[in-house]
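Here you go, one structure.
Going by the order they are written in, the chains are A, B, C, D, E and F; count residues from 1 in each one.
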Amino acid sequence: MADLTHIDESGAARMVDVSGKADTPREATATGRIAMSAEAATAIRAGNVKKGDVLGAARIAGIMAAKKTSDLIPLCHPLPLTGVTLELDADDSGVTATATVRTTHKTGVEMEALTAVSIALLTVYDMAKALDRTMVIGDVSLRAKSGGRAGDWAAE
Amino acid sequence: MADLTHIDESGAARMVDVSGKADTPREATATGRIAMSAEAATAIRAGNVKKGDVLGAARIAGIMAAKKTSDLIPLCHPLPLTGVTLELDADDSGVTATATVRTTHKTGVEMEALTAVSIALLTVYDMAKALDRTMVIGDVSLRAKSGGRAGDWAAE
Amino acid sequence: MADLTHIDESGAARMVDVSGKADTPREATATGRIAMSAEAATAIRAGNVKKGDVLGAARIAGIMAAKKTSDLIPLCHPLPLTGVTLELDADDSGVTATATVRTTHKTGVEMEALTAVSIALLTVYDMAKALDRTMVIGDVSLRAKSGGRAGDWAAE
Amino acid sequence: MADLTHIDESGAARMVDVSGKADTPREATATGRIAMSAEAATAIRAGNVKKGDVLGAARIAGIMAAKKTSDLIPLCHPLPLTGVTLELDADDSGVTATATVRTTHKTGVEMEALTAVSIALLTVYDMAKALDRTMVIGDVSLRAKSGGRAGDWAAE
Amino acid sequence: MADLTHIDESGAARMVDVSGKADTPREATATGRIAMSAEAATAIRAGNVKKGDVLGAARIAGIMAAKKTSDLIPLCHPLPLTGVTLELDADDSGVTATATVRTTHKTGVEMEALTAVSIALLTVYDMAKALDRTMVIGDVSLRAKSGGRAGDWAAE
Amino acid sequence: MADLTHIDESGAARMVDVSGKADTPREATATGRIAMSAEAATAIRAGNVKKGDVLGAARIAGIMAAKKTSDLIPLCHPLPLTGVTLELDADDSGVTATATVRTTHKTGVEMEALTAVSIALLTVYDMAKALDRTMVIGDVSLRAKSGGRAGDWAAE
């Protein structure tokens, strides 16, 4: 049976030892979406037209969350991130988030990209929840990663 | 047009003033799910049978994240949480998370419940990602809330 | 000689005991300014015209910092803030920040307002520092406070 | 017109990609000052004579804040700091702070030095605010930086 | 058999629900000690005579850690602390720490007092470890607590 | 007289400058123990048999605390940890914790290992405190360290 790397032979959780790995450039891209009512989507886009604070706040929240990933996910390694971008596209039924994170270190940045997306979408949720309580966050997944021993990978 | 409460008349983001609201008991329940390959799901459940560390780690991560919500979501009010439970049910294609959060304060705890669910599922993702890169987190939504001026509400 | 309330009779620092104080509504307003070259000020205002991300990012950073005050200032009491607004006015030689913070608790929120202003201005600094290394942050001070035993106060 | 490096061509904030930069030794020095009444300044110096807790607390707060910089300033890169010193000089009308921060990494430490100075001065403010509500923090600026592609620089 | 309140009937960890409890004044005192070589103890006391920075730094670290308790201990409730004092007594074989923490809330502050003591002693360890690698932290325990339904208690 | 490295010649605390040191692999192991009544020890082991949440929660808390060390201990350098394991052995009178931490950096990880042990034991305390208020945490000490200029060392 396949093994979980974060669980040792006795069943205990651990932060996997990556001491022996080389520092190499790493990049990961993740996406996700929040679906909402037309009314809420319209308000977000209108807010954005005015001064950009809705998507602007969510973007900042997501970028800051990428830096907090190892404080949130118990077994994640702390990493000196070297770049984070976060795109937020609002349409008439929701907002799609795409985060790309880079580092030069011993392990990948998938979790940082996924955390950035998740917190950005939760921030949109928070700012629109007075208008729609039935919003759903979904499709949070990895799109591509590069660097490291495992090589490059992209979702089909 | 409906207004976004977190954006003032000039378009600037703000933490909404709830100073005038009474402290009342509040509760919110949120759910979400991570879908994964049968292989990954089997490994998580096997790990769980042994010592429970996979779902146990995710549960702790989610509970701790509920307490960090106002540090993650820019315009959330800091709240003295009075209770958090987080249920994680693993089946043969993924894990479903359900969080219930309580406080006695001037504003609700929807964001805390949603954050607990999101970080718990991201923790499962982290621990299983060596087995499956195509996992998807979705269906993150509010199920019910009670307390406060707006009264009780439940998703249909 | 006047005494420092945060230092006990033996000279040791302490978090002052406010257990006996009543919870009352509190508000504080602080201001500050970053002075910069015309070139940097123009770029910030141009950025702001486009999508608002410069001042928007600084506003979010300042609001989040208000919530972190007790984590930054060693002897500050943790407070459940009930409202934060942060105004940022860019002109042709810099940006002026004005923060107003509210709580209903046993102690005031001056430090939260001052911290919000300071971190917002440092965020502006960060985003403009490639254009001007000689920017100066100054005039960070309390403008007004209300609530609590000491009563209302305003700077002349 | 000069461009803001933290804003992309579409106007969105980003953490600038420094992945391609080399790790080089970096150092930055910043200063700032809090001006206060003679009474408050005397109390601080008296406290300092006794056991040093006023300036000692501010020094510790500033050093710890340097380490939190990337958690406070949204687009700052997290950096493994290799040294921080913080000098606090009290005179009869205030306290002057000077922070020097070092790292060996892909980007500079100006923001860390400025953050250390700002939080140290806010800590002095907090400890003296019962004696003087009119204190002003100012002259927060970069004095010198070295390392990196841009080379050395010092304020005139 | 006695039950663990933090584990539900299915064996899952939870933050115990205290929503129904009244806000009452609470206080807890904890102590602990670090034992060290005469050389290290002498250096700490000499440092303390000069400017007090060794014990001063440890005191600040302990007070700040009290405020972080709910961020460190997974199932602790976040509490608005209303007072923290931390006494550090250096003698010729070590340092004894005594912390007293107060709040007015629904649950006690034992963990905050114990965390303050632990982190203060770890800070002493850090600052003296170049002189003695065999230091031992021990006797970390609760001395007294008051408030709440369970009433007052003191160690014999 | 021996000098404290964290105190400069004027008596001020500082984060020691390690800029000139090489990045080398480092490892440190620390241990500690919480002593408790037979009743509390039995409940913990029973809980552990069921789903492992008591020791599982403490293990996660300790691993996460290792990553927060530089945020807790004022003069500790922030370090990109490359591995953390935390063993918790429950017997009929308490729990013994052993943490091993690794990095490849300019300074050692003793404080990270000691912090992981301390917070893991405080978490056990928190979860068992309703059963026994007289628990004592002790024997928190360094067992071994390797790497760096000082070379390897082990407690006798």
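List of remarks:
Just so we're on the same page, a contact is a pair of C-beta atoms (placed from the backbone, for glycine too) under 8 Å apart; a residue touches a chain by one contact, two chains touch by 3 or more.
Quick caveat: nothing in here was measured; it's all calculated off a predicted structure.
The chains that touch both subunit C and subunit E are B, D.
Any chain that touches subunit A and also touches subunit E is listed here: B, C, D, F.
Two copies of one chain, subunit A and subunit F, touch each other, and the residues they use overlap weakly: the shared fraction of interface numbers falls below half. For the interfaces C-D and B-F, the C-beta contact count is higher for C-D.
Look at the CA centroids: the one farthest from the centroid of subunit D belongs to B. Distance between subunit A and subunit C, defined via averaged C-alpha coordinates, is recorded as 30 Å.
Centres computed as Cα averages put subunit B at a distance of 30 Å from subunit E.
With centres set at the average Cα position, the gap from subunit E to subunit F is 15 Å. Across the assembly, subunit F contributes 11-13, 51-53, 56-57, 59-61, 64, 68, 71, 74-75, 79-80 as residues in contact with two or more other chains.
In this structure, the chains touch in the following pairs: A-B, A-C, A-D, A-F, B-C, B-E, B-F, C-D, C-E, D-E, D-F, E-F. The touching residues of subunit D, counted against subunit E in their complex, run 51-53, 56-57, 59-61, 64. Only residues 1-7, 10-13, 32, 39-40, 42-44, 46-47, 50-54, 56-57, 60-61, 64-65, 68, 71-76, 110-111, 114-115, 118-119, 122-123, 125-131, 133-142, 145, 153, 155 of subunit D touch subunit C when the two sit together in their complex. Per the touch definition, subunit E reaches subunit C in the complex via residues 25, 52, 56, 59-60, 63-64, 66-68, 79-87, 102-104. Those residues of subunit E that touch subunit B in the shared complex are 8, 11-19, 21, 70-71, 74-75, 77-80, 105-106.
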